[in-house]
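In what follows, chain A forms one complex with chain B and a second complex with chain C.
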Partner chain A sequence: MTRISWFLKRIPAHLTAFVMAVPLLFIFLSMCKISGPQWTRLWHAELPGLISNSFLLVLVVTFVSLFLGSILAWLVEKTDLAGRAWMRPLLAAPLVIPCYIVAVSYVGFLSMNHWRVFYGFWGAASLLVLGAYPYVYLLVWASLRRLDPALSEAARCMGAGPLRRMLKVGLPLLAPSFVAGAVLAAIYVLSDFGVVTLMRYRTFVSAIYGEISGRYHFEGAAGLSFVLILFTFAFLSVQDIYAGRRYESQGGVRVTARPVSLGVFQIPAFLFVCAVLGVSLVIPVGVLVKWFIDSLTAEGVARLWSFSLGEVLGAGLKSLLVSSFAATAAVILALPLAYWTVREPRSGWGRLISSLSQSGLALPGVLIALGLGLFLAKGAPQLHFSAVSMAAAFLIHFFGQAYQSVETGLKRVSIPLEESARLLGLTPLAAFWRVTRPILRPSLVAGWLLVFLNSMRELPSALILRPAGFDTLTVKVWTAASEGFYAQAAAPALALVLVSSPLLWIVFHEGEGRTPAN
Partner chain B sequence: MLKPKLKLDEVVFLYGSNGAQPFVLGPLTFELGESQILVVLGPSGCGKTTLLRLISGLEISQRGSVWIGDRLVSGRNTHVQPEKRGVGMVFQELALFPHLNVSQNVGFGLGRTGAGMRTARVAECLELVGLGGFERRYPHELSGGQKQRVALARALAPQPALILLDEPFSSLDADLRRELASDIHRVLRETRSTTILVTHDHEEAFSMADRVAVLKDGGLVQWGNPFDVYHLPVSRFVAEFMGPAVFVEGRVEKGGIHCRFGNFRNQTDLPEGTPVDVLLRPDDVELEPSDSGEAAIVARKFHGSENIYTVELSTGERILSTQRSHWVYPEGERVHVRAELEHVVVFRREELL
Partner chain C sequence: MRKALSVVGICAVALVLGRASLAAQETAQELVILSSRKEPLVRPVIDLFEKETGIRVILKTGESAILGQQILQESPAAAADIYIAKESGSLEYLRSKGAFEPIASTEIFVIPQEFRSREGYWVGVSGRARAVIYNEDLISYEDVPKTLWELADPRFKGMIAAAHSGNESLVAWVSALRLSWGDEETERFLTALKENEIALISDSHTDVRKAVGRGEYALGLINHYYYHLQKHEPDPETTHVGIVYLDQEEGERGELVNVTGAAIIQGAPHREQAKRFVEFLLSPEAQKLFAEVNFEYPLRAGVETHPEVLEAMGCGGPSALDCLKRMKVPLDGLGAVLEGTQNLLDRVGWH
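Moving on, here comes the complex of A and B:
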C-alpha cells in the first residue's frame, strides 16, 4: 500500500471523529477553568439536589417503563389477546410524537379546562413514561419474537413447569433486552429537556439550560455537564457489560408456539392495552387535532390565538433545510469512517474513534449546543447563532445513527464481492459504483432518514443555537406553548407528528427482523 | 413380544383445520416394546415430527389414546402435560439453552436431585456420549456434532421412559453423520432406551432400527423390521423410498410371474393374466459383457466400494445394476442382463390412460 492511500484512508475518519468530539472537548476545556470556589458552590448548592432529583426520576421512569413495555410486548406477542395484530405497531406509535408535544397537549388540555396540572415530579414522571415505554416495548418485543419456542418445549420435556420455565429459560434469555431497554429509558430521562422544563422539575438538563440561557454562566453549565456526562457513560457501560451476553439463536426459529390463552383476563388485558394507547396516543393527538380545527374556524379576537398558514409553512421549510443538510452531511461523513472501521482489523484505537464519533447519540441536545457554542464563540463567532450552527449541532447529535446504518450495510458487502468485480475487469471506482453502492443504498437511505427525522424533532439545541427570527417547527411549538398560546402550537405540532411517522415504520420493521427500505 | 412400553391406539391429529386444506395424521395404531428402537421414515411433511410432538404431549390429538408403560397419557378427557410425561426429546434444532453451559444443560432435567447426585449423573451422561471434560463449555463453543451429543445426554439424564429423536443428523455432513449415528446407536443400546427416531434417510433407518414405520401423507403405510421393509415393500412408494428401484413389465401366468428376464415364483394371490410391474433392485441385476447383448451400458456411477450401472434395454426401458468396484466397462458396451430375485415383489400395473 502506498503512503498516500494509507493517509487517504485514515485522515477523513479521524477528522470526522474529531468534529463529533468537539462538544465533549470544549465542555471539558471549559470545565477546567472553573475555580475552586465555583466548584464548592456547585458541589454544595447545586449537585446534591440535582443528583437526587435526576436519579429519582430516572429510577421511577425506568422501572415503570420497563414493566409496562415488557407486559405489553408479552401480551401482543405471546398471548391470544384479541386485536394483537393491530396493537403491535400502534403500541410503538407514541414514539413518533415527540414527548414535549405530548406534554404541551396535556398541559394545555388540563389548564384550558381549568383542571389541575400535576406539575413537578409526578407530572414529569408520568409524561416521560409515556415517552420511554415504546422503546422498551420495541426491544423486548423484538427479542420475544426471536426467542425460540423449542427452548421452552425442551424445558417442558425435562419436567419444568410454567414457573421454572419462566425463571430458568424465558427471563435469562430476555435479560439483555431488559438491560438495553432500561439503559435506553434512563438515558432518555437524563437527556430530556422539554418535559422537565414544562413540568418545572429541576434536573441536570434544565439546570444547565438555566445556566446557559438565563445567567450566561458557561463554566457552571460545563461543570454540571461534565457530571451528567459521567453518569451517562456509567449507564452505557452497564449495557456494554451485558452486550457480551447476547445469546445467538441456534439456527432459525422453526416451531411456532401456541399462544398463551388469557381466559378470563382477556377483557381486562384488552382494556389495559386500550387505556395505554388512549393515554399515550389518542388523547395527545386528539387534543392537537381539536385545537387545529378550532383555530381554523376561529373568528374575531380569537384569531389572535390561532396561527397563520404562512408562518407554519415558513417554519417547516426552515426545519426541512437544516435537517436535510445535517442528514446529508452525516451520510457523507459516515462513509469513509465506516469503510475504515469495517475493513481494517479493529484495533483499540479504531474502536475509540468509532465510539467517540457516536458519542453525540448519548448526550443530551442541551450539552451538544453548549459545547458547540463554546467552540464557535472561540473559533468562529460569525457562525455562532446561525442556521449553520444548528445544522452542525444536529449533525453531531445524530451522526451515530447514520454511521450505524452505513456500518451494517458495509458489513453486507463482502470483500470477495468487490474482488470478483475487479477480476471481471472493473476499476476500483467502477466496482464501488456498480457493486458496493447498490447494495449499500438501502442503508444509506435509512441512515439519512433517521438523521433527518430526528433533526426535525430536535428541540433544545435548536432553541439554544437558533439565530433571531429563525424559527423551526419545534421552536414554534415551544414558544407558542410557553406563552400559553396552545392552539398556535397545534399546527406545527401536528406537522411534526406527520413528518415523524416514517420513523415508526423504520423501527417497527427493524423489530420484526427485516431491514428498512428493502 | 415384550411388554409394550409405548402404545398408540387410533390416534388422530388434524391441523390447519380452519385453513383450506386440513392435514390429517393417522389414525395410527402401534406398539413398541421395551428397549426397542423404532425408526419412523417418510418424506418431509408426512407428519413425522408431529407424531413425536403428540407422544411428548406438545401437541394434543383430537382422537385416540397414547399409553406410556401402563399409564394413559393421552385420551378422551386425559392430557398429561409434557413436563409430567417423563419423555426425553432431542429436537431437530437441538434447542440447547444458550445461556447455560454444557453441565447445566445436561443437569436441567434433574430437578430435585441432590447436588452430588446431580454432578455424578451429569458426568456419567457426558462420559456416555464421549464428551467428558466439556462441562464448562457453552453451546456456541461446540461443533455441530458436539452439540448433538450434548442434546442426547440432556435427554438421557433424567432416565426417561422414552427417548424421541427428531431428525438428529439432518444438519451434519455425511462422514460426521455416519460416525455420530453409530455412536448414538451404541449409547441407546447401552442405556437400553426405548427410542423413536425420525428421519427421511433410509440408510440411517436400516443401521439403527429394530422396527421401521413408513409414513406417507399422515398415514402409516408399512410397519416391520428393516429387512422386510426393504425386501418386501407393500407399495411402489415404499419400494422407491427405501432405495434405488426400477420396475419392469410382467404378467401373472400359470407357472408364476413372467417377465422379460424369465419366470419367477408367484408369491401373490393375483389372478392369472393380471398385468404387473416387477421390482428390480440394482443388486438383483447381473450384467455379462457380450457383443450379442440385448442391452447397452449408458452410464456408470462410481461409489468407491461399488459401481452402479444404468443399462438401456432394447425396449428403451432403463434399469440399474450394482457391480463390484473393479468391474469397469465403458459406456456403449453391449451386455447380457440377468435378474436373480430372492424376493419377488410385484404390483398390479396401473393402466395409464
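Moving on, here comes the complex of A and C:
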C-alpha cells in the first residue's frame, strides 16, 4: 500500500516534468552539434553584449514592476481608496493586450502626435513594465486578499506598531508572492521578442530570432538559447531559496480587517492608479479603436485587404479553444507535481524536477515550437502541424505559471488542518476536496487565468505550428501588423481584448466572492 | 474542479470535431498554399482564383526558414501543394534539397528565362528592385548618393538605415553583390558602411521606410515598393520621401532585380489544382493584380507596370523592367551562395 502510494505520488510528477522538458531536450541535443568555431563566432559576435543588455533590462523592469505591482495591489485591497472595486480587475486587464500590440500602438500614438519615439533601452524598459507589472499585481493581490488579519491583530495586541507589524507579519507572509511575481516579471522580460525588436534593443531573444530567420540550421539559435536557459534557471533557483519557507494560515475564526484610511493621500493615490490605467490600458486600446475606425473609412492601400467579420470570429473561437485547453491541462498537471514538491522533504532531485517542468518559461516560443516539432516529427508526424501541437506548445510554454501559482497556494495550506480532517474520518481525496481545495481555489483560478491569457496572446509558436487554415487572433494581428497594416490589425487585436476581458472579470468576481470573511 | 473537468471534456470533443471537420474538407476541391509572402499581398490573387475556379484555398503564411523546415520535414508525405516565396534565394535553396517537383506546364515560358529556375522547378511571379528611399525634408535629390559606394561617403555618416541580416531580401542582395563584385570588394563595402555608422534597425524594411518617413534617418536601403507604400501612409507628414535607383549610369552595374516566385511541392496531394494555380498566377489578369497590390513589376511580357511606379522612375513603360539598368546576376545562383553570405554578414557584424 505504501509502495503504491509512493509511486502514485511520484509518477505523475515525473511524467509531467518529462513532457515539459521535451523542447529543452531537443535544444540540448541540437546544441551538442555546434562545432568549436561556431561557438567562437557566437562568443565574439554576440554573447558579452547580449548578456549585459539583457541583464540591465531585466533588472530595471523587474524592480519597477515589483514596486508598482505591489503598491497597486495594496492600494486597491487594503485601503479605503475610492473606486477600488472597479480598479481591481482593470489593473490586471493589461494582461489581455499582448505587449507587442501595446508597443505598436505607442509607436503609432507618438508618431500620430509627431512626438519622438523613445527607441532603445528606456523605450523597451517602459513598455515592458506595462506588460510585466500585472503579473506582480495579480499575485500580490491574491496574497493580500488571503492574508489573515488575525495575525496582524495579534501583533497589535502585543504592542507592535504599524511599521513593525508590516515588517514582521505582513512581509514574511507576502514574501512568496513578491518573489514569484519578480521571477515571472524577470522571465517575461528575458523571453520578450516583440517589444525589444520594435524598440531596436538587442537581447538574447532578438539575437536568437536573428539566428533563425533566413537560416536553415538552428544550432546557433540553440547555443544562444542554452545560455539564456542557464540564466533563467538561475532566477528560478533564487525563487527556490527565498520562497523555501512555508507560512501557514491557521483558519479558525476569521476577522475582517478595517481598510487603512488614506486621508490626505486619497486624491494623489486615486490619480496615481488612474495614470497607470491610462498609460497601460486607455492609450493602447484608444489607439486600436482609432485604427479600427480608420480601417472602416480608409482609402487606397489600406483598403486593398482586410479581414471579414467571419474571419475574426473564427480566429477568436480557435484562440479560445486552444488556450482553454492548454490552461486546463496546465492546472490539472500542476497539482500532483506541486503536491509532491511542496509536501515531500526538499531534495536536489525534487528541485531539478520542478525546474525542468518550468523550463518552458525560459524558452522563447519559437524554440518550444521547434523543439516540440522535432519530437513530434519522430513520434507523431500527423500531429506536428495541428491544433493539438499548438495547445501542447502553449501548455509547455506556460506550465510554469500554473505550477508556481498552485505551489504558492499549497504552501499556505496547513498540513495539520488536513491531518485533522483525516483524523475525523475523511479519505485523502475527501480531505483534499473539502479542506484543501477551498483554500487552494484562488490559486488554481489564478494559475488557470495566467496560462489562459498568455496562451491567448502567444504568437511565435502559433505562427509555426498552426495547420494551414487555423489562424488564431494573434496570428491575424501579426499578419497585418508585421507588414505595417495597422488599421487591419486593429479588428483582431480588439477582438482579442474583448474575448479575454470578460474572463478576467469573471475570475475576479469569483476571487472576490471567496473572501475570508465569507 | 468539476468545472475544470467539464471544460477539458468540451475542449477534447471540440478538438476532435475540429480535426474531423478538417479531414472531411480534405476530400473536397482544394489547394494548400504555404507562403512566405505576407497574407495581405497574396490574399487578393487567391480570392480571385477561388472565385474563378471554385477551388478552396487553405493558406498558411510565415517565415520562409520555418515554412522551409515544414516542407522538408513533411516530405515525402507532403501536406501542402504550393510554396510562394518572397525571394528567389530561398526557392533555389529548397530546390537543392529536393523540396519541389518540376512544373509540368508550358505556361511558365511566358516568363523570361532569367526570372525562373532553368529546370522549371520554380517560376518568378513579380519583380522588385533594390533602391534607396530618402527623406526630402532632410536631403535634396542632388545630394542623394547615386552609386552604392557613395553610401560609404563620410557625408552620410549615421544618416542611413537598413535591415539587418534577418531579412531575406537584404541577404539575397548581398549574395548578388558577392556574385557580381567578388567576396573581397563586398566585404570591404559592407565594412565601410558599418564604419559609416549605418543603423541596422530591424529585420523588416517596413521599419526602415517608416523611420525614413518619420525623419529619423535621411536615407534607407529598401526594395523599391517600400517607397510607394510610404507614399500611401495615412499620415501626410511622413510621406515626404523620394526614391533613387543606384548605379544606373553608363559603365555602372545597375540594381538587383529579385523575384517573388511559386513552386509545386514534391508529392503535392492536389497536383492538378496546384498546376492550375501556377498557370493562373502567370495569366495577365493575375500578373497585374499580384504585382499591383505591392507596386511590384509584373514579369510576363506585355503586362503593364503600375503607373505610379513608372512615374517615379520617369519611365515611359509599359514595363519598368525596360527602364531599369539591372545587375547581371543569375537568380537561380543566389541559393547556392546563401550560407557563405550569412557567414560574411556575421564576419562584418551585420546584425
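Annotations for the structure displayed:
Just so we're on the same page, the second predicted complex is superposed on the first by the 304 of 518 C-alpha atoms of A that agree within 3 Å, B and C clash if a C-alpha of one lies under 4 Å from a C-alpha of the other, contacts with A are read in each partner's own complex, and residues count from 1 in each chain.
The criterion applied here is as follows: a residue touches a chain if its C-beta (ideal position, glycine included) is under 8 Å from a C-beta of that chain, and two chains touch if they have at least 3 such contacts.
Computed from a predicted model, the values in this text were never measured in an experiment.
When the shared chain is aligned, chain C comes close enough to touch A:385, but chain B does not.
Once the two complexes are laid over each other on the shared chain, residue contacts for A:173 go to chain B alone; chain C is not touched.
When both complexes are overlaid on chain A, the residue A:157 reaches chain B alone and has no touch with chain C. When the shared chain is aligned, no partner comes close enough to touch A:90: not chain B, not chain C. In the superposed model, A:222 lies in contact with neither chain B nor chain C. When the two complexes are superposed, the chain touching more residues of chain A, out of chain B and chain C, is C. Touch criterion not met for A:205: it reaches neither chain B nor chain C. Residue overlap on chain A between its contacts with chain B in one complex and with chain C in the other: absent.
The touching residues of chain A, counted against chain B in their complex, run 148, 150-151, 153-161, 168-169, 172-173, 245, 247-252, 254-255.
Those residues of chain C lying in contact with chain A across their complex are 1, 4, 7-8, 11-12, 14-15, 18-19, 22, 32-34, 38-41, 43-44, 58-66, 68-70, 73-74, 77, 79-80, 93, 164-168, 171, 201-204, 206, 210, 214, 216, 229, 232, 234-235, 237-238, 293, 342, 346, 349, 351. Within the complex formed with chain C, the chain A residues making contact are 41, 45-46, 111-112, 114, 117, 197, 200, 202, 207, 209-210, 212-216, 294, 298, 300-302, 304-305, 321, 324-325, 328-329, 331-332, 370, 373, 377, 381, 384-388, 391, 433, 437, 444, 448, 463-464, 466-469, 479-480, 482-485, 487-488. Note for the complex: chain B touches chain A at residues 56-58, 81-89, 91-99, 108-109, 111, 139-140, 147, 154-155, 158, 171.
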